[in-house]
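Listed after this line are the structures, all set down as structure tokens.
Same chain, two partners: chain A is paired with chain B first, then with chain C.
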Partner chain A sequence: MVRPPQAPLPLMLALLLAAAGASLVIGKVWLPPVVLFDGLAAPKPNLAWLIVTELRIPRTVLALMVGATLGLGGAVLQGLLRNPLAEPGLLGVSGGAALGAVIAIYFGLAARFALVTPLLGIAGALAAGALTFLFGRSGTLTLILAGSAVSGLAAAGLALALNFAPSPYAAYEITTWLLGSVAEREWSQIVLCTPFILAGWLCLAATPRGLDALTLGEAQAESLGVNLNMLRALALAGVALSVGAATAMAGAIGFVGLVAPHLVRPFVGYRPSRILLPSAVFGALLLLVTDIAIRVIPTSAELKLGVLTSLIGTPFFFWLVLRLRRLSP
Partner chain B sequence: MTVLHADNVSYDIAGRSLVSNIDLICESGQFVALLGANGAGKSTLIRMLSGLERPSRGQVRLDARAIRAIDRRVLARRRAYIPQNARVEWPVAVERLVALGLMPQIPVFGDLDRAAWRKVEAALALCDLSHKTGQPATTLSGGELARAMLARALVGEPEIVIADEPLSGLDPKHAMDGVARLAALARDGRLIIASIHDLTLAARYATHVAIMRGGRLLAYGPTASTLTSSCIRAAFDVDACIQGSGAQAIVDFIARPDTPALHPFPGLAPA
Partner chain C sequence: MMLCNDVLLLMMVPKDRIASITYLAHDAVEALLPGADTGVAVNHGTAEEILLQKPDLILAGTDSAPMARKLAKAVGARVVEVEAAHSFADIRRIVRQVGEAVGEPGRAHVLLAEMDGNLAWLASHQPARPLRVVAWSGSQAVPGRGTLTNEIIAASGADNIAARLLDNRYGSFGLEALLAAWPDAILQGETRWSGPSLQDAQSMHPLIERYWHGRRIAYPDAAYACGLPQSADAAIALRNLYRELPAGRLRW
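And then the complex of A and B:
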């Protein structure tokens, strides 16, 4: 029997560790390892220690969580929908999260309590997920259609918020938030989102068997004992919780969830169940490296994370189109 | 002995009746060919017999138990279902495709053990696919893919194999091989139910035929006594002549002399 090439998971984990280390060092103020360790040893609080614990570590942790969530969500949805163009925002939850967070900014609540933005973001994502489930639970196609309808609704809400923005400054703040970033998030916000993200991961971790069976199409998967309604509900709940919470924290970050599953798929013999973990690790690596790149690239204004992932992701999308065109003449 | 009983089943959707009042009892050792024109309700009946669709009225019973009440995974171990034009969605290796048939057998966590891989190899050999083992399933030809799907269905050694048009799109040799393989499985003690359009192959290999029209069962019984020219006329609106019997049987269609020749573009036909 021919075995597919082993997933370079150890290699990716090593790279991830290295990137996490680099993420602590690199920034506006460079903290070479020597300075870093001195800061940890010196009496606290000192500058290096503050920068690392209050800025760099939260930023790194958030980039890892958001990247892993997007990679995992994309892998599950591509497997569920058997569509290589599926991405975590497809079911409307990212739009819902963004709308919730923007409502917090619009009414000026965000300035008063730091937790309001992620809280309303998560509420928005869950509401959007529930709406998608309500309309689309009966089948895969209806799920996609309901997801696009909910996305459209959220987009309309966002446009409305921009239209009636109380001041140009509020409009600016909304737009900047939408661009997506993992910088300057507080520990309390991260702590708030973590349970939702972990609960979402748990739901998604229950899907791989069903995803493998779907390699044979829905009818045969059902005949193999897979409960398709349950599988769809688990995937939607998992994406609503994890991607919703991630978007509530970091804003809309595109392409990571689309790209990561594709790049790891050939290494696991295209088995839908086997791409989940590598895709999550690769998503985390991708987002962390992009976030480090933002800090290094010299720009006058701050380059936002979501902007750079889109810039990198678009050529990949073209490549995907070309490849699909070559495969299906 | 396995008995599959469709007890007066009907299926309605949006006010239309696709299957009405079908009563059918099949047992292990039978190869039941399900015959009927397009839209006669064969696929719907097959989905109900497989336990995938709930009848609007009546019920399907497997060994006297309501099939919809049997646990999904227990049922999946006992019966295999192959839909019409089964496709593969990802370019997984052929061995992996076949191994998916063992899913109901293996625990939720963990991969296939040695014994399971031996079953996969045996199923591949049975379906003449041993040389395609590592090949991506998306690159198989139509005949090879149909065989791979059959291997997938057989790898778990189910008592019942239900296939919806397993011969569609196959060239004559592969169609004959395929139907012979199904007949051999029935001789082996399994129950095989397959919808088939090639009446000659049905006449040669099926032990029983069930003939449908308009959602109703016209006739059901042993092939030799049931598949008659009058029955074919009633089901398909064509005259047929049946020559020979058993492995030499040939079913041929006869154009009726009174049927007017159809012009491909009636408006342009010479008056």
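And then the complex of A and C:
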């Protein structure tokens, strides 16, 4: 048996810390680190202190949470469905969250209470997860099919909201929200979503033993005493809670959940249980670095996070396909 | 099929000469000429409606002109293509153009004289210290140089900070740049419009609520989207609102 190379987790954590530090210093408004430190020591409030504590720290925290959630969700679903193409949005949860948030924008509720968007987004994700579970709980294939159906339903709802948008401005707001971003979210919104994300992580953290057994096949896993229905329910609840809350905060951010597990597999081996944590850490790193790149790339209109992850993610994906073609006979 | 043209049309000719206006015009009419469109037929820019209403003249926007020409041939109508106005000079041009097209050059002259009178009054009553303002309702599509909003702000005697921050006509800058620029007041567009006001109803980032409380000015999106003689009234309304702002510079 080939031993997988040593887990590069400490290296990734060090990179993550460095990226988090950079994320506090780098922004559209360039303030030299000296000015930043002076600002933190000077009487408050002042510009540097406001920018760091009210804008850059929440943005960094959110990028880390959303990235980790997507990486973890992708790794769990790829294990559960035994499908390398699985990504966190596959079960309709992201679509449900996006639809909930868009409903808040559509009816103008978002303009009155800042917390309505994440609340309705989370409600949408949970409803979508429940619907997927209701129809698809009997097996892997039915779960995927039910997930596609729910995703389709949510996409139809989004298209309907754009179709009947009360004004061009509302349509514009909906489309830009859907592009995905972690910029300028309020602390109160982050505080609201954190318990849901943590609860989701807990559910997902209970799945590794079952996922390992599942690599042998469904019948073998059941004979090893794994309750597959329970495992599916846990994974789906975890994804609905964490990915749902993450999407409700940040909009649709593609490819991180799909790519992160693939990129850590060569380093940590192919057992699902060994991939979860590195994939979460790598997802966080990937999203944070992308978010820093957005601030550095000079664009006249703000480049949205979801757009850049998709742009970067696609070539990675082609590379994966080529690698799979080389590996398979 | 271009709502700004329709508002202009409602000011130029009596209702019985109007075959139809676009359904999109209603909000703008409510903001600028309340009630002026009651009883006027609407169209949705479809061929069937045009064939049914058989107009003699179609006022088209730049985007809808090709389609309008095709339809016009079918009903034997004339097409006049009216560009969107991004400055007071543009407004003078299109008002004269539409006035000629509908056979009311005198009415166009009266409307423009009124506008130029308002602009002259504004120019002769400049505030001692120009306020630094920006039209910012979230980080997207902030109007900079070359936009009608910029012209209205300039005419109102204020300094649009977006004109210096952006290279494009419309651009985006986030809260970081807004904090660093530290404007005296923030203008925010409203879709549903009930008159100019200092607004605090619309929820924004807590930083905006904290520091620009009482310094947020609501304006009707529709009025700033259309270059019309009323654009000078919009500038006067802005000037009057500046007086309601808290005195002195904004402090941390």
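Structure notes:
As a working rule, the second predicted complex is superposed on the first by the 325 of 329 C-alpha atoms of A that agree within 3 Å, B and C clash if a C-alpha of one lies under 4 Å from a C-alpha of the other, contacts with A are read in each partner's own complex, and residues count from 1 in each chain.
The rule is simple: contacts are C-beta pairs under 8 Å (C-beta built on N, C-alpha and C of every residue); 3 or more make two chains touch, one makes a residue touch a chain.
Quantities reported herein were computed from a predicted structural model and do not represent experimental measurements.
In the superposition on chain A, A:Arg82 makes contact with chain B only, not with chain C. Contacts of A:Gly225 after superposition on the shared chain: chain B is touched, whereas chain C is not. Measured by the number of chain A residues touched, the leading partner among chain B and chain C is C.
Applying the stated contact rule after C-alpha superposition, one finds that A:Thr215 touches chain B and leaves chain C untouched.
In the superposition on chain A, A:Gly21 makes contact with neither chain B nor chain C.
When both complexes are overlaid on chain A, the residue A:Ala183 reaches chain C alone and has no touch with chain B. When both complexes are overlaid on chain A, the residue A:Leu55 reaches chain C alone and has no touch with chain B.
In the superposition on chain A, A:Arg271 makes contact with chain B only, while chain C stays out of contact range. Against chain B, the residues of chain A that register as touching in their complex are 1-2, 4, 82, 209, 212-217, 219-220, 222-227, 269-272. Residue ranges of chain C in contact with chain A, taken from their complex: 27, 138-141, 166-168, 170-177, 179-180, 182, 189, 191, 201-203, 205-207, 221, 252.
Per the touch definition, chain A reaches chain C in the complex via residues 27-29, 45-47, 50-51, 54-55, 110-114, 166-167, 169-170, 172-173, 176, 183-184, 186-188, 300-302.
Interface residues of chain B, counted against chain A in their complex, comprise 47, 50, 52, 72-73, 75-76, 79-83, 86-93, 95-97, 100-101, 103-104, 108, 117, 121, 133-134, 136, 149, 152.
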